[in-house]
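Below are structures written as structure tokens.
The two complexes that follow have chain A in common; it is paired with chain B in the first and with chain C in the second.
For the complex of A and B:
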């Protein structure tokens, strides 16, 4: 930390309540980034919505690339593509990741609608409630999808 | 490195007692050459009916440690000088009842600002951003007769009512993590100030366009990510995010065209 003193202030000790405050005592103490990240527990719903929206956005972008990679196996002919898909879908972990992808996509869509409403100036007083509702609907859809995704693994 | 200093009277710290309130206060004393690292100090303050966080701080200063430093003036939520980070949230100490808080009550200086001493933060940046939007009435034309009133319709007054309530406490700016990451961002309070004049029907078209022009900047309304933290902490209940969103739409409409 910086403990530099302003020479004149030290010498004269003139109280300057309205003067340049940084020079009166010392350099201000910078509490650094710890105070930002250490405070996640205090984040308000709007902040969580923002964090989740960014996170799901990046996941969707990442998925887009794997999606293109898988689709491009079709360039080698239908048989390669079918084999790739069958190979992937036979893996339990892929099924679980698909559920995750669904969760991410559904939340991103619902919160996207929420943000659209906020941009249009609609329902700003209920932004926290609409975030919670987005979460609940996402959870319901994801739970309902589990039988479909995990139904016939390895069949 | 933090040192725990306890108050002179050895009071069981962090335990909730009926006749005292424990406050845990951030201390930073740069004038102590040898030990200028910040630490927390606890004070046991007599519990009286209706005691506010500011009352507790003043009691601690007046009875325990005269060097405890914090800003305050009006003690009634008017001057905006005692916004602090109380139990994990930006609040005005003078309008916050201890009885509404979990104990021990932890009091830190406003986050995202440099600390000058104890609970006193450097507000220069906040004031700079406020002044950047010319926070004063500046009409296109003044009446010829200086004594002539510049009337405002009651509807218009009602429309800008909430935005006029700002007391420059800086709580909103401190709560905004976008402002924390972008020093050029004007911040909620100054955008609200711009809103107050943009929506004032008396200023005139030219001045309004200039103001909207300023708002249509990367570091003005477009920086807001609608996290609503400012709206949540504003002690004057100003719908800050709503005002920012309104100005976003005004800014977008400004250069909206079909082609």
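For the complex of A and C:
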């Protein structure tokens, strides 16, 4: 199968299973079924950014429902609320999950900024680099935050 | 029409615009929320008295309620468009739409109830 890539046009970072792609940004082209995740070996940075943004989005909306459920213990009185939150925070696994949540949130924010910039036509030609920068900054923020997130917790 | 990048949204549609408007708001709010409740206040030190003190501030209360509403919309809208993009059509798509609308509204109602209790305001 003939697959062509274009280094400059953002959309052509996604492989085209149906023949050569055009590098003309003004023309849409058939990218094939991008949702076919089985093609992951062919994925370029733009595709990984898309998948990670989607994955982190699912995690965040799932967490939002969980978060409101936990906070709803306030309806049962202040003492229940405090006991629930401090009880959860006493668990090491909860702290680890919070670090995971931080990673997910920071990436979603940074890649979200990247997407808004792309929407505005800024940095189209550097979208791969900005994806890698998003990953690096996410990693740095998460690593730097680990001590804060693991404060005063028993293992 | 040009297709500058892969998105789950139809570029230029109302849902597409709203997703971006809420995104701009949420970028600031989510960062603030994490910073406020993990770094300024440590999560393990949070108690009802502290929550009530924060939520008694009208600006903070309003911001948190708007945060809840925009985050719910952004999340539910994202899920809807992701699944439609995945190929969901017809009856399942309509069912999904209403399940998400009801779940989203339910979450907002519950969250606002909790917000009022946190602020020490008894609605009932």
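Quick note on the criterion: the second predicted complex is superposed on the first by the 115 of 155 C-alpha atoms of A that agree within 3 Å, B and C clash if a C-alpha of one lies under 4 Å from a C-alpha of the other, contacts with A are read in each partner's own complex, and residues count from 1 in each chain.
Quick note on the criterion: a residue touches a chain if its C-beta (ideal position, glycine included) is under 8 Å from a C-beta of that chain, and two chains touch if they have at least 3 such contacts.
Note that the coordinates shown come from a computational prediction; the quantities given were computed from them, not determined experimentally.
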A:41 touches, of chain B and chain C: first, second, both or neither? first
Which superposed partner A:85 touches (first chain B, second chain C, both, neither): second
Chain B versus chain C as contact partner of A:127, first or second or both or neither: both
First (chain B), second (chain C), both or neither touched by A:118: both
Touching partner for A:50 - first (chain B), second (chain C), both, neither: both
Which superposed partner A:107 touches (first chain B, second chain C, both, neither): neither
When both partners are placed on the shared chain, which of chain B and chain C touches more of chain A: C
Touching partner for A:65 - first (chain B), second (chain C), both, neither: second
Intersection of the chain A residues that touch chain B with those that touch chain C: 25-28, 31, 35, 46-47, 50, 115, 118-119, 121, 124, 127
Interfacial residue positions of chain B with respect to chain A in the complex: 28, 30-31, 33, 36-38, 88-89, 111-117, 121-124, 177, 180, 225-229, 232, 239, 241-242, 245-246, 248-249
Chain C to chain A touching residues, read off their complex: 1-8, 20, 23-24, 26-27, 30-31, 34, 38-39, 42-44, 46-49, 51-52, 68, 71-72, 75-76, 78-79, 82, 85-87, 103, 107, 110-111, 113-114, 117-118
Interfacial residue positions of chain A with respect to chain C in the complex: 10-11, 14, 25-28, 31, 34-35, 46-47, 50, 54, 57-58, 60-61, 64-65, 68, 71-72, 74-75, 78-79, 81-82, 85-86, 89-90, 98, 102, 105, 109, 112-113, 115-116, 118-119, 121, 124, 127, 145, 148-149, 151-153
Chain A to chain B touching residues, read off their complex: 1, 3, 20-22, 24-31, 35-36, 39, 41-42, 44-47, 49-50, 115, 118-121, 124-125, 127-128
